[in-house]
Every structure is written in structure tokens, then in C-alpha cells.
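Letters A, B, C, D, E and F mark the chains as written, and numbering starts fresh at 1 in each.
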Amino acid sequence: MEQFLIAIGVAILLLMLTSLYRVVRGPTVIDRILGVNVIGTKTAVLIIIIGTLSARVEMFIDIALAYALLNFITTIAAARFYQRQSQPVLPEVEEAEPAPSAPPTVEHPKTTGEGSHAA
Amino acid sequence: MKRLTLIILAACALIMLLAASDLPDWADPASPASSHLSPGFVEQAYEATHTPNVVTAVLADYRGYDTMFETVVVFLAALIIMIILRRTPHRRFCKILPHRPQRQGRDTVLKGAAQLIIPVMQVFALYVLGHGHYSPGGGFQGGVIFGASFILLALCYNLEFTINRFRERIVLLCCAGGALLYAGVGALCLAMGWNFLGYAALAGILGVSEAMARSHGILLVEVGVGITVMAVMVSIYYDLASGGDMREGL
Amino acid sequence: MDELFPFIIAKYNYWASLILLFIGLYGMIAKNNLMKKIIGMVIFQTAILLFYVSIGVKRGGTIPILEFGADHQPLLDATAYANPLPHVLMLTAIVVGVGTLGVALTILQKIQRVHGTIEEDEVLEDLRQ
Amino acid sequence: MIEQAPALIVIIPLLAALLLIPATPLGPRFAYGLLVTALAATLAAALATLNLVMVANEAVHYRMGDWLPPHGIELVIDHLSGVVLVLVSGCALLTAIYSRQSAEQDNPDRLNQYYALFALLVTGLLGMTATGDVFNLYVLLEISALSSYGLLARGRGPAYYATFKYLVVGTIGACFYLLGVGYIYIMTGSLNMADLAEILSRPELQESMSVKIGFTLIIIGVWIKMALFPLHAWMPNAYSKAGTTTACLVAPLMTKVSIYIMIRLMFSVFSVDYVFGVIPWHHLVSWLAVAAIVVGSLTALAQQDLRKMLAYIIVAEVGYMVGGAWLANEAGLTGAIYHILSDALMTLCLFMAVGAIIYRTGKSSAAAMEGLFAKMPITAAVFVLGWFSIIGIPPTCGFFSKWYLISGGIEAGHWAYVAALLFSSLINAVIFFRLIEIAYFGNFATHDGHHAAPARNEAPFTMLLPMVVTAALLIMVGLYTSEIITALVGKAIPPGL
Amino acid sequence: MAAVVTFCVMFAFWVVMSGKLDLFHLGMGVMASALVSWLSRDLLFSGHTKTLGGTLGEIGRFLRYAGWLFWQVVLANVHIAGLSLSPRAMERIDPRIIRFKTVLKTDFARFVLANSITLTPGTVTVRIQDDTFYVHAINPQAAGDLAGDAVGGPGEMERWVAWIFEGGKR
Amino acid sequence: MLLDLVVVVLMVCGLLLFLATTVGLLRFPDFYTRVHAAGKGDTLSTVLMLGGLIIYLLRDFNGETALTAVKLSLIVFFVFIASPTATHAIIDAGYESKVPYWTRRKGAGAGYDGPERRRQDRQI
């Protein structure tokens, strides 16, 4: 069973390394943030697996939980920062409608009225 | 120029790598680092401080003097960041930061998540702080998580909301107060006739054995560390995220 | 060559951290962008952290939190636990590093606001005027 | 209580710094009073400790937290560190008294926080001097470095870039030191200086390459911190852009304490035999020192800004002391240690005088010296006295330290070093006469063409008092040279030199 | 009221995390929970609780919903795994953003709905502007699932959420 | 033995989902679809793996492991709240900053936006 856990851990590690491609390559910053988030979530699992292997999992749970929390905050902070940078500064009029280059919008059948805001 | 630097650094690296030959092997149980001081710590710490977590015992008691200054470093960082960023802008030099408005009615999801997560996170932080004796944790870790909960609040709501809950002046007071608690415990021991930071001096006040007094002393200074680290995290976030003008965060 | 590989494997921790160290140092010295200098600084400090923490590892040693036996007495066998001292030292060094990083970022923010750029040559250009 | 004095030296300024933050509502006068009182108490504790050392005639040990040394941290104060402790706390006290007007002028809004940084810098310097643990030394090194970044970034105009450069270089220095300690720790497993000295004297470690690399890294780290010649580029800009009080505090003390640390590590952790017998590159250092002296002096000659000029003179002075310490003879080391004392006093004296001139005229270029003797006679007298000491004119202490350094150079047969010292004195004299010319005969004609004697505009009393005290100390220390050397400096010389 | 419930929940959490039942640690737990429930008095259980019974009812209904949601999560994962591992993935993707107005009143209910949408097959909530949801759907079929069968009314999931927080019928 | 089998099945399922996540992350054409892959696969695969570990721990059932299992299930609970929130935050940020999109419709709209859009993105 231990071998199985080690194998799972190594597999997770390899897949994390593969996800690193998205972090390195981009193409946009937000893609990198996404990749880092995926890696971070898996790190928490990896910590628990290591704890289980060393038979002291109760010590590692705190670490994993703390890591998961901080990873969550990091992701939110990075996303908020990215978002903030693309927001217009105050003197300009804030755009009311979403970005023009967003994917095409189709009106949901049940909503009525509301002019289309497709790109 | 860059190539020259690269060559010089590569040469230094090569020398240092080849010189690694007389360093002990990785994870060698017989290396001097593992055989000189560390057995003493592991074998004596529990008896002397009633703290199963040897790292905590060494951190807050054997090397408590270091840790006090470590807390001071944290405090110092917050102080410097505040003193540099919060100064009245220089008439000629500094540009005013661009101001982006807060988004109204947009953060439903983040706010909902923050409502659920933040209280749990704070209890977890206090748990980590309080159980530093038995599990990996202690003042720094607990303080960081607690401070992060305020940062999460500022991220999910906005900076103004957080500042209204936890004002800048109080943050600064907490920064100094935690370090003061640490140094104060040490000075109390000194006033009791023991050496600085000799928590065993607290045995008389608390009415427990010397080892237990050390254990409680460790908890006290960890609380001090936790307060400082928490406040410093928040303070640094306030200053850095808003560029020092406290108008808006991320 | 035959001797070199076992030698590297047995002491790979020093190799890894020293190579990382020099990457950071190169970034700190040679990069023109001040932010990249800071990133180099962080790599440099992290390399030293790794260097120290790798000293603390002991074959067959678990984390240095005492385990309790069935009789509620701690197992005080020093060989069963990793060396706690490097962890303590590095906790301190991490905190110092974070403090330095915070101050560096702050000063960088100020440089950006005063000079309008974080490229070193442009800052120097601006200073000369 | 007297046996607690070593701990109090570090704790009092620390507690003062922490108390200054909650005391913000009590106003600037309270902050000033608290700082000065605390530093006076620190000086008293330092004097008490020095007294303890002299009475016992051996090092005083203080165990933090009552733990026995190799496991716990201890403070070790011997003759050398006792002198440096008194020097640092004395200089800090004088600067604190001096700071009354200029600190408020520079920091109208955040005086308490500024003073807290001030006190923490002093804490760091004193702690570095007193500690007997190499890792603790690193922590305190970073405390003093961080607080000096904060203080320097408070300076005028483009201080930010200079501070940033200082920060990057300083971090490299501190990290080198830390890495070197790591090497030593791997090979010995200990961090306590006395314990390290014992383990390192084992023959198998004497030839160890790793220990040599560790020693090299530590020394390079300390050199970066003290701005020895090829690693000095960060210093003059950082110091010359700083606020007045900051410059008075940082410039005399940071480099001197670094030199103290170099001497401490060389002779307390490693040994004389190791440094001058095993380390292959120790001959190069005195040449480095020669280069530092020559380059520092020549660059100082080319400067127009008074403080930049002084900063380059400090670069040259660092060369004096490093050279003296690495000459490998008793006279050289005595001169280096004694020069720590006299150089700290004379740079403090000059920086204070220049600060007073800047405070009154608002300028820091050499042109600010115009009509100095008429406008600010006492400041001018202090300035002249300080500069006498820099040149090395008896009876100021600068003469005696230079005397020992030169005799050390002659004893070692290192003629280039001797020549560099003399050359540097010559250059300093040239700079001095240039400045005096401006001060005395400078053209202070007003715009309508006739000479008007400028009104007397002396610096305020709180600035004058520490300046005069420092100048008096320059002469006092000079006059009591032989006593100081036999009672204190001579005891600090390691056996076997 | 909210503070008392928060305190109880926090204390339970502390006990689970701590696992030490001696007086010292329980005392620390009481202090910690009290501190947190004072600090965060308006966070947990704010705005959407009226009475204890109401809260318990919400929790009970939520648990039933959670079961259904978990099944949806499994479906979502099978769907996305099939999509990304399928050799013809590009042909099966046809992304679009749809927009609809929700009938849910409270922010917390909207939060639950938004996260549920994110967890279920083929859709991710992109933005909520007051009561308008922008949802990114990976293909039209996923968009259709969200709409539910009753054209003109809220989708199945929205009805669930409305049932949890606003009573009414499912 | 049966429990071991359950553990193996759960963890392998989790691993497969993670594999699908990674493949989706690398393969999908634009940011928005990648978020689908990352956000969904991540949640369930983490939950499955943690579930497997919980059962693995509970094989020798006693008070201590039960407590540990409860703690682990707290992480599961946390993941369920945090993961969709993080996904939402990321995609909201991307949408706000006009990250280029991919669509099948129309020849002109297909593929990424022009290069100037991407350069604009780099500046951030």
C-alpha cells in the first residue's frame, strides 16, 4: 500500500510539472495564475500523502490546511491585482458594460428585454 | 559586462561546488551538525520545557533571544514601510497614484466565500498559535494566518471596509504591543532576579514547576509574536496595496 | 567521471542550493530591471534557506516533534528526529528575508513614483538631470 | 543588578524603541526626552559593563534565558567589545541630543517612528557588538541594516535609488555572511563563538577547504557591510543623500562596528595562526587596503559636496583599519582598534559640524562654508579640530592611531601601506586648506559689491553641546592615549600576535 | 443571536482541531472562539438568519441539496474529463457567454447559486452584476442544462437554492 | 482488503481526473475553456484523493484516527467552498481584462484576437 501511495505522489508530482507548462508559457498572465492555482491545490494533497507515508499525518494536516488557505488567498489576490490593473482609472468614465472583446453573448431565452450587448 | 559577470560567477560557483567534497553527505546522521548540538536539544528539551515540539522549544526558549529580535525585525519592516510610504508626498517628485473606483455590486461570490472562510480561518490561526507546543505551529505561523484573514477580508470586500474594522493606529499599536509583550516577559524575568528571558522565573507567579513555567513562558511570547506578525501583515498590506495613500487596495 | 557522479548524488543538496544561489546572485548583479534584481535577491535568500534546511535532514529522522509512546512518555531517541536547529535558524532567516523584501518593494514603489521607471539605466539617466 | 548590565545594554534601547510607538500622542518633546534618557541609561549600563570587565580583567559572560552556552545564546563582553559598546552608546547619545532640531525638521509628521528606527539601529549595533553567537550576530546585523535602510530612505531628494542600491548590496553582504556561517556550521555543528573556536582548532578542520570557504564568505560579507574599496560603491551616495541626524548616526558607527566584527571573527572564532597561517590570500588584503586608501582619498579630493567628501574619506579610513588589522603584528592591530575609537569620534564630529552648517545654510556643497568663521565660530572651531584629527595633527587622537598604524606598517615592512597613509594625510591636508580658504577668504560679497560681515548665526544649543563634547573628547582621548592603550586596547590583542 | 451561534460553531471547530480535552486547552478554545466571534460578528450568519429554527432548517435543506450537488459535480467532472481527453475535443467545444437575471434576493443565496453553477457541468459563473449572472458555457448543451426544462422560469438549480433560502416549493 | 480496494479506486479516479485537468489545461484553445478544465477537475480530484486518504487512515480505527479523518474532511469542505470561488475570481479577472477568446463561429472571429491585444496584456 505504501508503494501505491508513493506512486500516486510521484504521479501527482509529474502532472504538476506538466501543468507548469501553462505557467511558463502563458500566454497571458491570468493563464499563469490559473496554472499556479492548480499546482497549489495539488500541493496540499501531496503534503497529506507525505504525512501519511511518514505515519504522522496529524502533524501534516495543519500544514496542508494552512497551505490550502494561503494558496486560496494568493490566487484571489493575484486575480484581483490583475483585474485592478485593467480597470480604468478614475478620471475616465467607468465602462458600464463588460468588455467588448468578450465572447459572443446570447440572450438566455427566459430573460426578457435588456438590449443585447454582444461584441 | 554581463558576460564578464557571468564568467566570474560561474568560476566562483565551480570553486565552491568542487570544494563541497569535504562537506558531509546529505542526510548523514554522523555529520557534525547532527551530532554536536542537536541530540542535546532533543534529549533535554522536553524535560526542561514540557514542550514536545523541539523546534518551538529551541525557537522560543533556548534561542529566545534570537526570536525576540526576529519579532523586532518584523516590526521594523512594518515601521519602515509605513515611514517611507506614508510620508506626505514630495511636492516636486511624487506623482499621485491613479485612482480606480471600487466596483459596486460585483463581489457577491467573493463576499460569500469570505463570510464563511474568515471566521474559521481565524480560529484555525489561533489554534495554530496555541498548539505550537504539540504540532507544527507557533506565533509566526498563527500570526501569518490571522493576518491573512484580514487580507482576505480586504480582498473580498474592500480596503476601506477593512480599515474601518481594524484602524491603522490600532494596527501600529499591535505591531509594537506584541514585541513589547515579548520583551516585557523577558524583562519581567530579569526583574524577578533571573536572567533575561529565563522563563523559569515565572514559576513563582504562576505557581507551577519550573518546566511548566517555561512552557507557559513560551506560550506567552508566542502570543506576543503572533500579535506582532498579524498586525505587521495587515499593516504591510495596507501600505503596499494602496501605495501608501490608504484610498484603495486590490 | 566515474567518481564525479556518486559524489554529486551524495551531496546533491549542496549542488542544488549553490547553483540556485549563483543564479540569484547573477540576477541581482546583472539585471537592469530593479524588480528582477529583487527577484534575484529572493532566489538568493531561498537558496541559503535550502542550504541550511538540507543540513538538518537526518537519514531515518522524522520531524522534530517528540512522539509519545504507549506509556505517555516521549521517545527521546535523538537519531529518530531531524536536527531542529537549522529549522529554527531558517525560521529567523525567512522572517528577515521577508522584512527585507517588503522594504525593497516599498523603496521600489517609491522609485517608480519618483523616477517613473524601474529600469536601472533610465533611473540613472533621470538622476543625472 | 550590576551583573544584569550586559543584558540591559541591549534591552534598554529596544524597549525605548517599542515604547516610542504607543507614546506618539504625547508629542515630540516626550519622544526626544525618552530617547535621550534611554540612551543615557544605555551608556551607563555600557560603562558599568566595561567596569565589570576591567575589575575582573577577563571577559564577562551573560547567559540569555539561563541556558548553558553551546545550546543557549550568551553575550560575551571583553575589553574590545566593552570599548566598542561604550563608544557606540556614547556616539548614539550625542547624536540623539544633537537630533533635537534637525530630526523634527526632517520628519515633521512621523517623529516617533523615526526615533524608534533610531533606537533600533542603536540596538542592532550594540547587540552585534555584545553577542557571542554567530547566528545572533546575523540577526542583529540585519536589524541594524534594515533600520539604516529606513533611516536613509527618509533622506532628501533622490535618496530612494541610493538606498535601494544599498539594500541590494547589503543583502548580498548579509547573505554571504549567513552562507559562510552555514559552511562553518556544517563542519562544526556549533554556533557559539567560544565553542566554535575550540572545535576549529582541531587539526583536521585547519586544512578543511569548506572552513576556508566559510571564512572567506564571512569576511567578504563583512567587507561589503563596511564598504571596503572594490565593494564601496553603494556608500557615498547613500550617506550623502541622508538626513542630517541619520548621517551623523549611520556614517560613524556602521563601518566601525563592521570592522569590530571583522576583528572579532578573525581572532575570536578563528585564530591568529589560522588567519595568517592557513588562509592563502591574507597578503592580498593589505594591498586592498592600500588601494582603498589611495582611491578613497583621491575621490574625496574631487568632490564638491561636503558629505560626499566625508563619505569618501570614510572609505579611505576603512582602508586604514582593515590594513592595520591584517598587517599581522601587534602595533598594526593596536592601531586599527584605536583607530576605530578615534575615527568614530572624528567622523561624528565632522558630520555633526557639517549637519549644523546644512541646518543653517540649507546647502551641503563646499560653497556653504563661505564666511563660516564669522557666522558660526564655534562650529567652525569644531570643524577645524575634527579635520586636524583626520589629518593626524597632535594632540588629537587621530595622530596617535595613525602613529600606531604607521609603526605597524614599518614593522611588517609593508612600505606601500605606510606611503599610502602618508599620502592620504597629505590629501586630507589639501582638502582642509581648500575648505578653510573658502571659509575664511571666500567671497561673501553681497550683490551690491561691498563686503558686509555676515551676521552671526550660530547653531542652536542642542547641536552645539554634543559637537563641543565630541571635539573635547578628540583631544582627551588623544591626551590619554597611553592609558587607554595599556588598560583597554592592549588587553584586546589576541595572544600569539 | 448570530454571535452565539458563531461562538458555538467556532468552539466546535476548535475542539475538532485541537483534540485535547483538558481544561487548559478548552479554556484557550473558549477565549479564541469568543475573540473570533467578536471580531467577525457580522460575517458568519449575517443577513440571512432570522431565528435559530430558521438557521437549522436552512442547514437541513442545504444538506439535501448538497447530495444532489455532489452528483452534479461528479457529472461535471466526467463531462470535462471526457471532453479534454477526447480526440475530437475541439469540435465539441463551442464556448459562449449567457446572461440571465436571478430571482434570488440575498447575496448569500446568489453566492451559493454562483458556486453551484461553477461546480456543475460545462458552466462557470463569470460575473455577477447585482442580480444579473454572466455564465460561460463550454457548449450549447451545457447552456441548455442550466436553463432547465421550464422555459421562462428559473432553472432547476436556481429553484433548489431558492427552496433552501427562501422556503417556497422546489 | 476491501477497504484497500476502495482506497485504490478512489485515488486512481482522483489521479485520472487530475490527468484530465492537466490535459485540458494544456490542450484547450483559450483561457476560458482552460478555466473549465482547471476549476472542475481540480475540485473533484482533490476531494477523491483526500477521501481515499481518509479511508486509508480509518483502516485502523481508533479515536485518534477518527479525529484526523474529521480534520481531513474539513479540508474537503474547505476545497468545496474555496475552489469554485477561486475559479470565479480568476475568470472574472480574465473577463474584465479582455483576455482574448476562442470561438468556432464565423471565419473572421475564429482563433485569437490580433497580436496587439496580446501585447497589451503583456504590459500588466
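Throughout what follows, a contact is a pair of C-beta atoms (placed from the backbone, for glycine too) under 8 Å apart; a residue touches a chain by one contact, two chains touch by 3 or more.
Keep in mind that this is a model prediction, so the values were computed, not measured.
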Partner chains that chain B and chain C have in common: A, D
Pair sharing more residue contacts (C-beta pairs) when A-B is set against E-F: E-F
Furthest chain, CA centroid comparison against chain A: D
Maximum centroid distance from chain C, chain identifier (CA atoms): E
Whole-Å separation of chain centres (CA-atom averages), chain C against chain F: 30
Rounded Å distance, chain A centre to chain C centre (Cα mean): 26
Intercentroid distance (Cα basis), chain E paired with chain A, Å: 18
Centroid spacing, where centroids are CA-atom means, of chain C and chain E in whole angstrom: 40
Junction residues of chain B, two or more chains touched: 16, 20-21, 23, 31, 33-34, 37-38, 41, 63, 66, 70, 73, 76-77, 80, 84, 93, 109-110, 112-113, 116-117, 120, 124, 131, 134-136
Shared-contact residues (touching 2 or more other chains) in chain D: 135, 139, 142, 146, 149-150, 153, 185-186, 191
Per-residue overlap in chain C, given as positions that touch at least 2 other chains: 21, 25, 55, 63, 65, 85-86, 92, 96, 99-100, 103, 107, 110, 114
Chain A-touching residues of chain F, taken from the complex the two chains share: 4, 7-8, 11-12, 15, 18-19, 21-22, 25-26, 31-32, 34-35, 38, 42, 46, 49-50, 53, 56-57, 64, 67-68, 71-72, 74-75, 78-79, 82-83, 85-86, 89-90, 92-101, 103, 105, 109, 113, 117-118, 121, 124
List of chain A residues in touch with chain B within their complex: 58-59, 62-63, 65-66, 69-70, 72-73, 76-77, 80-81, 84, 87-90, 94
Contact footprint of chain B on chain F as seen in their complex: 78, 81-82, 85, 88-89
Touch list for chain C against partner chain D, complex: 21, 25, 28, 34, 37, 41, 44-45, 48, 51-52, 55, 85-86, 89, 92-93, 96, 99-100, 103-104, 107-108, 110-111, 114-115, 123-124, 127
Contacting residues of chain B [partner chain E, same complex]: 105-106, 108-109, 111-116, 118-120, 122-124, 126-127, 130-131, 134
